[in-house]
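Structures given as structure tokens follow.
The two complexes that follow have chain A in common; it is paired with chain B in the first and with chain C in the second.
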Partner chain A sequence: MKCDEYDVVIVGSGIAGSVMAKTLTRAGKKVLLLEAGLQAGIAMDKEGAYQNYQFYLDTYYKAAAKVPNSPYPNLPDAPSPDVLDIAPIPNSCSPSTKGYLVQAGPIPFASDCYRGPGGTTLHWLGSTPRMLPNDFQMQTKYGVAVDWPFTYYDLMPYYEMAENEIGIAGDVKEQIGPDVEPVKNYGKDYVFPMQKIPQSYLDQTIIEITNGKTVTVELNKKEYTISYVATPQGRNSIPEPAYKYAGVAWNKKTQKLELEKTDAEYDPVGSLWDPYTGQRCEGNSSCVPICPVQAKYNALKTLRTADHDNLDIITQAVASQVLYDKGSMDITGIEYKKYRYGNSPIYEKGIAKGKIYVLAASAIENAKLLLASGIANSSDQVGRNLMDHMVMLTWGLLPKKGFPYRGPGSTTNIPTFRDGDFRKEHAAWISPIDNWGWAWPTFAPGSDVSNAVGQGMFGKQLRDHLSDIIPRQLLLHFECEQLPEPGNRVTIDPRYKDQLGNYRPVIHYNASEYMQRSFEAAKKVSDQLYKAYNVQDFTSYSAQNPDHVQYKGKVYNFAGAGHIVGTHRMGSDSNSSVVNPDQRTWDHGNLYLVGCGNMPTLGTSNPTLTMTALTYKAAEAILKQLEN
Partner chain B sequence: MSKFFQKNNPKRQRFVPEDKPDKSLLKGRAMADTAPPDPEEIKKRLLENLQQAIKLEHSTIPPYLCALYSIKDGTNEFAVNTIRSIVVEEMLHMVMAANILNAIGGKPAINTKDFIPGYPTKLPMIDESFIVNLEKFSKASVDIFLQIEKSAEHPEHDGDDYHSIGEFYMAVRRDLIKLNELTNGEIFKGERQPQVTSEQYYGSGGKLIAVYKLEDALEAIDEIVGQGEGIDNTIDDPDQEMFGEDIEYAHYFRFNEIYHGQKYKPTDSVHDDPSGPPVNVDWDAVYNMQLNPKMSDLPEGSPVWQKMYDFNKTYMALLNNIHDACNGQPSLLITGVGLMYDLKYKAIELMKTPFGEEGLMAGPSFEYVQ
Partner chain C sequence: MNTNNHATFLTISAYLTGFSETDLLGTGMVDPYYAAIRDNNDPEVLGYFYQEAATILADSHGDEAEINEAIAARLIPDSCYNGIAKTIILLWYTGNYGNDVLSTDSYKEALVWNVAGAHPPGAKQPGYGSWALPPFSV
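Up next is the complex of A and B:
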């Protein structure tokens, strides 16, 4: 195509950028997409896509630590945050600069994301519960944080679009918990595109471990009944015959995005290199960091189905500055640096021009780019309110073998503490049952082998020991909802730049007392669960771990969930938010921000689904603006 | 619009022309012209032939799997992807043949001793001079694959025998039409329960067709023949692009690309060899598998014998699984996926195990075991 001026310029090919590109190009708009990662990663032809993905897989197989970014290239020209770089922060005057993020603390931010074609959906787990209606009204209901500028029910049609595009497998009828009922939250007769992924053997073991006896726990003198829900997820399964939507299309007449009906059965979207590979989840169990058959959704599947006659993509192009007219405040271009190859300091500058601009570069990168350009910040909210699920882990040995690693990473969650009056005092949480043994907190099973060898075991004794403990490993998450706080933020500092001269994000991060109280509460719940399950608790927290807090004399460790949210919040007035309910910046009439950065609060859901729903809402607003 | 995701080129199907003479009715069984056809006799022949069709579709799978598993990990990506996709389609054909048999009240037999051919072998029902082996990936073995999948363009010939898979299916097709007519459609039971559907079978070109009536059965046969042999030579439309990135073409042409180390380009004719971009085929990056290995070649109980036995046990478990799935329990097929992975791992283990002579490796023998 190659035009001088496009209808829309998008920065980033993750799920927000890809959904935006697909929706706009299919509505006939000319789009230019800038992607910071390598050209090879965006290959849309079968052979190129296959070769590139095999390279990721090889890298993963050879990696010593199988962390979320281990399969993917980390480029000096467009570096990604990495959890392996988390280090203690001596004091705020000397931040930890070990990795890409400059960690000013007081405690290090614990999550990563991926900067490259397809974005973080390459390594996401794929869990897609919706947020709860009460999550949108935290101020009204519980007197904390802020309300969203619209309700859950306003977002419902866009949730359905997101569930269509990602291809969700799940059973709506099973979505029951605090503030969730199938008809209330999903509408009468609504079904997901695919039937639920079977719950893992481990999950069934736990659900049946009390022999049908209900498990109750006490918290703050209140009794709660523990329930289990099969988690909806973005991985392929058996098509649901009752699902009758084809895809999202722009209706010029109504000026709305609509889900088109069809009589054809839903067709699971296979891998990029072969539509017949990955039509079902095979239970390879390496979802994070990489699904070997692409049965798990990734954003490149969306980008591939954009209208490529209306789409130009420039890769290896790192957006460095958003240019604007000081009179009209309109954005006039995005300056980018196009490097020659992944570690080359040589680059050429270019300027991308369009009528409308969309930043979809991740919560951290969007905020950084806005700060670097000195724009969109009349509210002083850019970069602030950085949030994540602070994940407290507990682990123990089951009384009988539950055989983790059978099936995908997580298929069941405990929703019991996702909502309740306690949110006035401490964070809500969701508790997924983790299917990867103690891998996360202890690097099991490798560490089990080295520990046992260290104790002098070998031969049959060693084998017997390992086959006794590894199949009994249980890991529970308590993913606690962090609230927006102005001090948790992304800033920039001229002292910290990457090799292309772009800013590195400086992160200021802490766990408030609201969070600390939730760790205390979650640990109390965990103790009661383990007692009811007859699980031997091996949880141990250490002040040596850089991500620790001390509360009432006890140490708690937390991990990041990779749910990086909130750095350019959406709101109903320009004084306290960066974007309006259409996700257009208050300050610039032709600049939209998409991605998790818009979310005013986080809820207890994995944010990708909600963020994708929001992106459809933004795409609709952009199409309206372009046509009027 | 984007040309991505064009899954099926409808032209890839070879719709058997109605006006072609049917050898099975003309020769030997040519009672049709003189006496009214006996529905019982046609039904008996169909039950037999459809069981043979299941056997025939299955008989290509072990040779294709040997070639596939003999290729060393990380090499010959093009050949691996091609052969893998073809094997999955052969399994699809096998299950569709079972669906047709079930639809007319038959009982597929998939786990009996005589179900598995003893390699080297001729293909069941197909009287051609070529012999099919269990052997490693090589130019010679791909040449045999081309003969298996070759088009139905044969000169008129005498005798009851079939010279190609297409010819055999043409006879089945005729019988189905005739029997449906003679029984006023009663022959198709329309029962839902024994049919394997796309819910249980996925991962291949073309959808699995459940068979409830004649039209379903004919569509299934067209799909089987179309995927194998591809475009009928009588259809020669020079304006239609037959090849290209997102067009699925028949097995014959896909094997031909491997054989020549070259892809077809969109303007190539179906009558010529491919003339598009080269693909990398490394005939040497292959485990040197013994030709047609047998358990009886080995001392019983020896470690290699044991590995071969374990492989065959897994293979039998898989056949039992498919048998049960095609005899009233379709949902069992979903659990067969694990067995397929197991089969692959055990086959590759054999390929890495020295066997007899210097430099030779063992391989899967695909034998009936208890």
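Up next is the complex of A and C:
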């Protein structure tokens, strides 16, 4: 296509950028997409896509630590944060600079994301619960944080679009818990595109472990009944015959995006290289960091179905500055540095021009780029309110074998503490039951082997020991909702730049007392659950772990959930937010931001689904703006 | 290839891991693991290790309890043969030599997944819905 001025320039090919590119090009708009990662990663031809993905898979097999970014190239020209770089921070004057993120602390930020074609959907787990209606009204309901500028119900049609595009497997009728009723939250007769992913044998073991007796726990002198929900997720299962939507399309007449109806059965979207590979989850048990058959959704599936006659993509192009007219404040171009190959310091500068600009580079990169460009920040909110789910893990041995290390990372969650009056005092949390044993906190089962061998075990004794303990491993998550706080933020500092001279993000991060109280509360709940389940608790927290807090004399460790949100919050007035409800920056009439950075609060849901719903809302606003 | 040492490696591996020689042969990893042990150890120390292992196997005439007792006393202690016995166990169970994954094959053939009733993550996938049932092998 190649033109001098596009309708829209998008930065980033993750799920937000890809959904935007697909929606706009299919509505006939000319789009240029800038992607910082390698050309090979965006291959849309079958052979290229297959070869590249097999390279990722091989890299994963050979990686000593199979962390979220282990299969993917980490480029000096467009580095990614990595959890392996988390290190103690001596003091705020000497941040940890071990990895790409400059960690100023006092606690290191615990999550990473992936900068490359397809973005973090390459390594996401794929859990897609919706947020709760009350999550949108934290200030009104609980007197903490902020309200969203619209309600859950305003976002509902866009949730349906996101669930169509990602391809959600789940059972609406089974969605229960505080502030969740199927009809209230999903509408009458709504179904997901695919039937629920079967709950694991481990889940069933836990649910049945009390022989039908309801488990109750006490917290803050109130009794709570534990319930279990099959988690909706973005991976392929059996098509749901009652699902009747084909896809999202722009209706010029109504000036709205709409889900088009169809009589055809939903067709699960297979891999990039073969439509018949990946039509079902095959139980690879490696969703994070890589689904070998691409039964798990990734954003390249969306990008592939954009109208490529209306789409140009420039890869290895790192956006370095957003240019604007000081009079009109309109954005006039995006300067990018196109490097020759992944390690090369040699680059050429280019300027991408369009009528409208969309930053979809991730919560951290969007904020960094805005700060580096000195734009969109009249509210002083750019980079602030960085949030994540702070994940407190507890682990123990079940009285009987549940056989973990099989199936998707999690197929069931405990929703009991997702909402309640306690949110005035401490964070809410969701508790996924982890299907992968103690892998996350202890590097099991490898560590189980080395511990046993270290103790002198060998032969049949070793084999019997391992086949007794590994199948009984239980890991629970307590994914605590972090609230927006101005001091948790992304900044830039001219002392810290990457090889191309682009800023590295400087992260300031801490766990407030609101969070610390939730760790204490969650541990109390965990203790009662383990007692009810007759689980032997092996949880151990250490002050040696850089991600620790000490509350009332007790140490708690937390991990990152990879749910990086909040750095360019959306709001209803320009003084306290960066973007308006359409996700257009208050300061620049032709600049939109998309992605998790827009979320004013996090709720207890994995944020990708909500962020995708928001992206459809932004795409609709952009189409309206282009046509008027 | 030293055929005596190779045979000793297979037989002692079976006693060290608790898996049968047939199981170990079935992984296809006997040759690469034998080579990895050969290439990463002092030949002299390794020679003594094989000599000791062969002596243990010969002297006990297949009496399993006696062999295990001798292995525990003469091969497993860290003071013996630079810890080669433990290295062999870890290689079979994890596919790792030290901290390094030896190869994509060694990753997939690690015995730990077998004893877990599972499969190596990202490989040998057991199929849709398999995780909702007890493992096949149980």
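Here is the rule we use: the second predicted complex is superposed on the first by the 628 of 628 C-alpha atoms of A that agree within 3 Å, B and C clash if a C-alpha of one lies under 4 Å from a C-alpha of the other, contacts with A are read in each partner's own complex, and residues count from 1 in each chain.
The definition used in the following text is that contacts are C-beta pairs under 8 Å (C-beta built on N, C-alpha and C of every residue); 3 or more make two chains touch, one makes a residue touch a chain.
None of these values were measured; they are calculated from a predicted model.
Looking at the shared chain after the overlay, A:462 reaches chain C, while chain B stays out of its contact range. When the shared chain is aligned, chain B comes close enough to touch A:308, but chain C does not.
Judged by the number of chain A residues each one touches, C leads among chain B and chain C.
Legend: residue contacts after superposition of the two complexes on their common chain; A:280 is shown touching both chain B and chain C. Overlap of the chain B and chain C contact sets on chain A: residues 58, 280, 282.
Taken in their complex, chain B has these residues touching chain A: 1-2, 4-5, 7, 74, 77-78, 81, 85, 88, 198-199, 202-205, 245, 337, 341. Those residues of chain C lying in contact with chain A across their complex are 15-19, 68, 71-72, 76, 85-86, 89-90, 93-94, 96, 99-101, 103-104, 107-108, 112-113, 115-119, 121-123, 125-135, 138.
Chain A makes touch with chain B in their complex at residues 44-47, 50-51, 54, 58, 238-239, 265, 268, 270, 273-277, 279-280, 282, 304-309. Of all residues in chain A, those touching chain C in their complex are 57-58, 60-64, 66, 198-201, 204, 237, 280-286, 290, 292-293, 401, 403-408, 411, 435-437, 445-446, 448-450, 453-454, 456, 458-464, 466-467, 470-471.
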